[in-house]
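You will see two complexes here that share chain A, one where it goes with chain B and one where it goes with chain C.
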Partner chain A sequence: MSMAYPLPSGLSPATVTNTASLIRIVTLALISGAAIASRLFAVINFESIIHEFDPWFNFRATKVLASQGFYEFWNWFDPTAWYPLGRVVGGTIYPGLMATSGVIYNILHALNLPVDIRNICVLLAPGFSALTAWATYMFTKELKDESAGLLAAAFIGIAPGYISRSVAGSYDNEAIAIFLLMFTFYCWIKALKQGSAFFGMLAGVFYFYMVAAWGGYAFITNMIPLHALILILMGRFTSRLYVGYSSWYAIGTLASMQVPFVGFQPVKTSEHMAALGVFGLLQIIAFSQLVRSHLSSKQFQNLLFVAVIGTGILGSLAIVGLTYKGWIAPWTGRFYSLWDTGYAKKYIPIIASVSEHQPTAWPSFFMDLQLLMFLFPAGVFLCFKQLRDEHVFVIIYAVVGSYFAGVMVRLMLTLTPVVCVSAAVALSTLLDTYIDPVEPLVPEEAAPSASGDDSTTTSASGSKKAKKPVFGLSESTTTQSTPKLRTRPGIFGLDARLVVIFNAFGMLSFFVFHCTWVTSNAYSSPSVVLASANPDGSQHIIDDFREAYYWLRQNTPETSVVMSWWDYGYQIAGMADRPTLVDNNTWNNTHIATVGKAMSSTEEVAYPILRKHDVDYVLVIFGGLIGYSGDDINKFLWMVRIAQGVWPDEIQEPNYFTPHGEYRVDDQASTTMKNSLMYKMSYYRFAELFGGGQAMDRVRNQVMPKHGPTLDYLDEAFTSENWIVRIFQVKKEDLLGRDLKSANAFSQGKKRKRSKPTVRRRAIV
Partner chain B sequence: MAKSTSSSSPAQTTVVQTLWKAYNDQTPDRLKFVDAFLFFLMLSGIVQFAYCVLVTNFPFNAFLAGFSSTVGQFVLTASLRSQVNPENKDEFNQVSPERAFADYVLGSIVLHFFVFNFLG
Partner chain C sequence: MRFTYLLPLLPLCWAASKDALNTLVDLAAASNGLINLDGNTFDLLTSPKRNWSVSIQFTAMDQRRRCAPCKEFNPSWVEVAKAWTKAPKEHRDQHFFATLDFDNSQATFQKLGLQSAPVVFVYPAAEGPRQLPSGRTTPSKYDFSHGFEAGPLAEHLSNHTPIPIPYKPPFDYAGWTLTAVGGLAFLLTLRFISPILQSRWTWAAGSIVTMLVMVSGFMFTRIRGSPFTGGDGSWIAAGYQNQYGQEVQVIAMIYGILAATIVILIVQTPKQASPNRQRMQIYAFTAANLLVYSILVTIFRVKNRGYPFKLLF
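The block that comes next holds the complex of A and B.
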């Protein structure tokens, strides 16, 4: 048997196994380190700060949990959110994330390590990403072998698709949910493979953790039944499937109902009915299998025919009847929007308005997964070649995950693990084939010697890679015993091996560079603090948000209500600690529409709304000065649409466009647009900033009119350094009972100069 | 289902009788014991469900807890039964009867922890 390169001889198998496992452990540790380290760009480039929007709420809730204990947290009623309604926080959140941080906090403090709760929250996501890498390793190991597992762990550790949701400071539910997802799937595969009730129970318990942590648990709720159903349809029902599925479902479902936010949904909503249906089906099949084992085949078939048809009809009738009677809630709008991508835009603008609910653009697949995207189909193909039960699972996951990732940007997150797994399978098969030192036999040689040589080389080499039959080639090795001149496919010589291996490593290192670049440039911005580059290339930090929120915190009474678009509700509550009308929880569409209406109507219409809601300050985000494109004028149409959904007679979207159908803010803007509160607040005194020169909106690239809008019912209270955040104070009713407009006109007629609150303002060129 | 050609109603009763006879003859006593427990759990579940439908489902969580405890215990016991069934030996080559019983006990404890928590 010829070898492409010599292997060390004289090593005992025990030494080889020990070394291999040591190397694996060290590699896993290094992968975990890399996974954590690449998520720390956000902390190094900026600071240890909570990112974006939702994390601010999670952080605030965690602070309550850490300082006041679990019972207070559980019963927490927050009167400052959704003013004046308030919010029952304990019953409307997934508490898994906060509970996890709370436990870590308490453990560290019990060990006399006084770590700040903020730092725990900031670093929780990177920490769990290391666990995700480990869970992915375990999962992939079940599919192929340890080397594929290590590759998968490395991929998931640095893939931008997952990093986008788990950088340090991105303290969101997804931070721990992906680990739970992968580990639940691993337990399920293990339960299925061994037929072990223990792993089924473990899957149930981790499913419970997942339910407590993320609304996306419905993905598991439907993936596992789908897998079980397809296995049944493929004629692969085994008692192992019964044991694994039943123990998972019985424990997992009961456990999931312990989360108050989920409540009775697992027995009452259509999303969960698939799991129940498959559970019932498995019971019937298992029973019929039992009956079959005691009966001769023909009698059994008669009995089975009657029984299965009968129960099938009864079961489906029952579910339809219950849905009809209203016992089982039909699918929710969020669910429909996954199938009909236009659904949300038509019926639930509030869901459609969220940027992460938009359909995914093609380039973002490459951006988030790069090389893995190309290896992904190859890996799925290799799964088809083996097609054990767990490969069927990966195939289903790949199909379902790809679909969902195409529908919604944020669901790229659920696709990423399966892409990493199958890409690892593909790549490790490639490397197995090309690193394997065994050279194929020359056709002249006699075939029978092939099998003998094969066994001697494997025992002699003892290498991990060489010991296992190569993934794609297993069939050909089995057919090899036939005494023909057919040889085992393989690679001759060292050069062919080196070319492929160098290429593979080249691509892998490009992948690493790409991931690092994407992570540091695209996904590590806290979006609370913005960065821009100075002309000399150095970093310039734009800290308007915190400036404005701290202004609110320090200069307004604690009870003053702040109105803003719902995006900023959590941040105001977290950083400014002031009551808000609406926030990112978006549970009350009418309340949000009220805010939308106030923003999009004239001052005269908006003023009574503001006064009725006790609004003291109105906060708008304006990016026109420095070109911050995520500002309120760009979100304005969604406010109009959502308000229109509730008051179709008063707010009409077409009124906000020019007669040519353009969305303009300059001279040609429509009258409705120009009179809307949002427009007035955004551009109030904007033109003055340019000292008579051309006022330019740098987001929309439009020249603003010389004379900007005037405000009669609000006073400018604060404008941040770069004008990103503007805060206006709502005037109280006039003391003499006039309406504020005439009062204003009167006072302006009397004396030319009105006293205005001094505003800190600096032109940025 | 293609072979179901000559099935008539008098044949059904004999089928059930042969089934019962075959069951009695072929099943080890241990499994019969497990089956008795399964039968009891089934009856208990039916009674609870009938109560829920006919009388009231008022403390719905309590009903769910009770019903899930019987269903959960049923499937765990059924799992144990198939794991220790000598006919399935080659299917569960990684699960010995002792391990199966340990799994069963652990699973039941976890199940009843949640049941207890949910009773309210």
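The block that comes next holds the complex of A and C.
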């Protein structure tokens, strides 16, 4: 056998295996280290702080859990959220994340390591990313081998598509969910391969953990049945499939029903019906196989076949019928909008308004996965080449995952693992082929030219190499009677190997640079604290949010109710500790629409709403001064739309546009726009800031009128350094019973204007 | 003084409004429930003393006006107006559908300050029992963000009519026939195409093409309705979170080519018997990989201006 390069000889197989496993362990440890380290940019660039919006609620709930114990947390009714309704927290959340941090917190304290709960929360996501890398390694190992597994682990460790949801401080359900997703899938594949009830049970247990942790568990609920169904359709029903699926479904479903938020959904909603249906189908098929193995009569078998098909059809008809009758709830909006993509915008603007629910343009895919993006189809191709049961799983996951990721940006997260796995299979096969030192056997006619060529073109690369093919030829001619038949495909020569390996190495290094850049620049901003660059290049921290929230905390009574758009509800509750009207748990559309109506109506209309809801302060986000584009004026149309959904007579979206259909805020803005509470609060005294110069809104690039809006029913209470957060106090009713507008006019010394001179009485001629 | 003159006229006004209603009912009945307006009938229809509500489409159907959206929207409007004629008479006569063409009354367009067409205004009743609780008499505008289809239009307008518009989407004969014929053809040819259907490579091609198209932003263009190319002929949309239809094709193709080079290097080249030819292939496909990848990165740099890396160019 000819070799392209020499391998060390004389090593015992035991040494090789031991060294290989040592290297694997070291590599996995290094990958975990890299995965954790690359998620710490946020802590290094800013500080150890909880990010964004939802994490603030999770953090607050975890604090309750850590300080008051699990039962208090479980029964927690939060009267300050959704004022005046309140919120039953225990029954409306996925408690897995908080429970995980709580367990870690208690273990560390039992070990006398007094770690702050905040630091556990901040560092939970990076920690779990190391576990994800390990789970991905195990999963890929089942598909191909350990080397592909290591590549996949490295990919998922640093792929920005996953980092975007798991940087330090991003304390959200997804932080632990991807690990659970991958590990459940690994257990499922393992159960399927071995027909092992143990791994099926393990898959069920981790499925339960996943259900307790993330609403995206429905992805597993439908992926595994889909895989099982396709295996059945491919004629691959085995008792292994039966054992694996049944143990997963029975244990997983029963366990998942223990989560209060899920309850009886697994038998009552359409999202879960596929799993139930496939479970039933498997029972029918297993039963028929059992009967068939005990019977010989042909007719009876036919009868049985008909009976089985009939039962299947009856079963599915029953499910359809129950859905029709309303016993089984149809698909919920959030899931339904994945299929009918226009659905959300039409019927549930609150879902459509979330930026995570927008469709994905291709640059996002490339930004998040770069090199993996084109290794991915190659890997799927290789899966088709082998097409064992587990490869079928990866193929289904790849197709379904890429569709979902295309429909919603946030589902890029569920696509990332399969892309990493599939890309690792492709790249590892490529490297296997080109690193393997064994050269193919050369057929007779090709040999002379090949050896001659080798010696002339690659004489510089050493004589040993040039000789090898000749040697191989002599061997093959002596040992084989028909040398024309190739016994083993392979690569000739060292240079050909080096070219491909060098190219692969270059691509991988580029990927590492890309990931580091994307992570540090795009995905590590806490969004609570903003960073900008000073003219000299140094970092300037914009800390308006915390400034304003702490102002609320320090200067207002604890019971004062703050109204803001729902995006900021969790942050106000978490940082300012004040009751809010609406927050990011968007469970009550009408309540949100009420806030939307108050924001988009005139002061006179809004004031009774504010007073009826005991609102003391109104908080708006305004980016016009420093160019912060995520401000409330840019979100304003969604408030209008959501309010319009409930009060179509009073709020109409077209009224907020100019006659030309433009969305403007300068003096050409429509009257409705100019009179809306949101507009008035945002631009109140904005023009004064420019001291007679041109007042420029730097987000919308429009010149504001010299005389800004006036407020009668609210008072400016606080405006942060860069004007990002503005807080207004709602005035109490006038003591003399006048409406506040005329009271204001009176105190400013304006004469009361009569609206219309009353008709003078005159004698009718 | 003035009132005294008006007083005797008041009953006349009522009478006029009764007359107007009858005229309108006749007009509507004459033309399939859709009144074709000119300046005078428009004033009659939207008179401040109306106790009926009305929805008016302002359009410009004439060839010279080159209003493609008008032509697109008009059938839906006619359809919904026709559906309203099926409503019971006592309700039907309280709401009217009308169309005002730009060429019939340019003055009205100017009076309303309309710069574009099509526009749909819904005038609520100004008097009588159907007056809005808020007392608003000014028209509200239909929001075309739901598209030009008749279904959403009827659904939205039903908020303003006395009873919901009895609109049913027409039965899609062509679609159902096509499905039935297709299904039948599939069943009949199942014997011949089953080898194709059972071949894993058919499924491989299907899956991989689906994946490539999806990750190239196809769903983005579908949901957002992006044009195929830009108005100025450019095929790359400016901005990181935007794209045109043609980008889907180009990017999917690039991903496909790159994946193909990898697959060929893995599957095909090792089977090559001649060392020379194999070497040529390896160099060629590696170079192609590097080249196309560089092109991809260059295109990405166009989309994301701040991207600091580049390959060959």
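Methods note: the second predicted complex is superposed on the first by the 705 of 765 C-alpha atoms of A that agree within 3 Å, B and C clash if a C-alpha of one lies under 4 Å from a C-alpha of the other, contacts with A are read in each partner's own complex, and residues count from 1 in each chain.
Quick note on the criterion: a contact is a pair of C-beta atoms (placed from the backbone, for glycine too) under 8 Å apart; a residue touches a chain by one contact, two chains touch by 3 or more.
All values reported here derive from a predicted model rather than from experimental measurement.
After superposition on chain A, the partners chain B and chain C are seen to fit next to each other with no clash. By the touch criterion stated above, A:Ala168 is placed in contact with neither chain B nor chain C.
Judged by the touch definition given at the top, the superposed model places A:Ile251 against chain B, while chain C stays out of reach.
Residue contacts after overlaying the shared chain place A:Ile117 against neither chain B nor chain C. Once the two complexes are laid over each other on the shared chain, residue contacts for A:Arg240 go to chain B alone; chain C is not touched. Draw one line from the C-alpha centre of chain A to that of chain B and another to that of chain C; the angle between them is 100°, to the nearest 10.
By the document's definition of touching, of the two partners only chain B reaches A:Ser293; chain C does not. When chain B and chain C are set side by side, the one touching more residues of chain A is C.
Shared-chain residue A:Val399: touches chain C; no touch with chain B. In the superposition on chain A, A:Leu581 contacts neither chain B nor chain C. Taking every C-alpha atom of chain B against every C-alpha atom of chain C, the smallest gap after superposition is 13 Å. Shared interface residues of chain A (contacting chain B in one complex, chain C in the other): none. Residues 194-198, 200-201, 204-205, 208, 238-240, 242-243, 246-247, 249-251, 253-255, 257-258, 264, 267, 283, 286, 291, 293-295, 298-299, 301-303, 305-306 of chain A are the ones that touch chain B when the two sit in their complex. For chain C in complex with chain A, the residues that touch the partner chain are 1, 4, 113, 115-116, 132-134, 136, 140-141, 143, 145-146, 152, 159, 200-201, 203-204, 207-208, 210-212, 214-220, 222-224, 240-243, 247-248, 251, 254-256, 258-260, 262-263, 265-267, 269-271, 273-276, 278-279, 282-283, 286, 289-290, 293, 296, 300, 303-304, 306, 308-309, 311.
Listing the residues of chain A that touch chain C in their complex gives 341-342, 345-346, 358-367, 373-378, 380-382, 384-385, 387, 395, 398-399, 402-403, 405-407, 426-427, 429-430, 433-434, 440, 442-443, 446, 449-450, 453-454, 469, 486, 489-493, 495-496, 499-500, 503, 506-507, 510, 513-514, 517, 521, 648-650, 652-655, 659-661, 764-765. Touching chain A in their complex are the following residues of chain B: 1, 3-4, 7, 11-12, 15, 18-19, 22-23, 26, 60-61, 64-65, 68, 71-72, 75-76, 78-80, 82-83, 85, 87-88, 91-92, 94-95, 99-100, 102-104, 106-107, 110-111, 114-115, 117-118.
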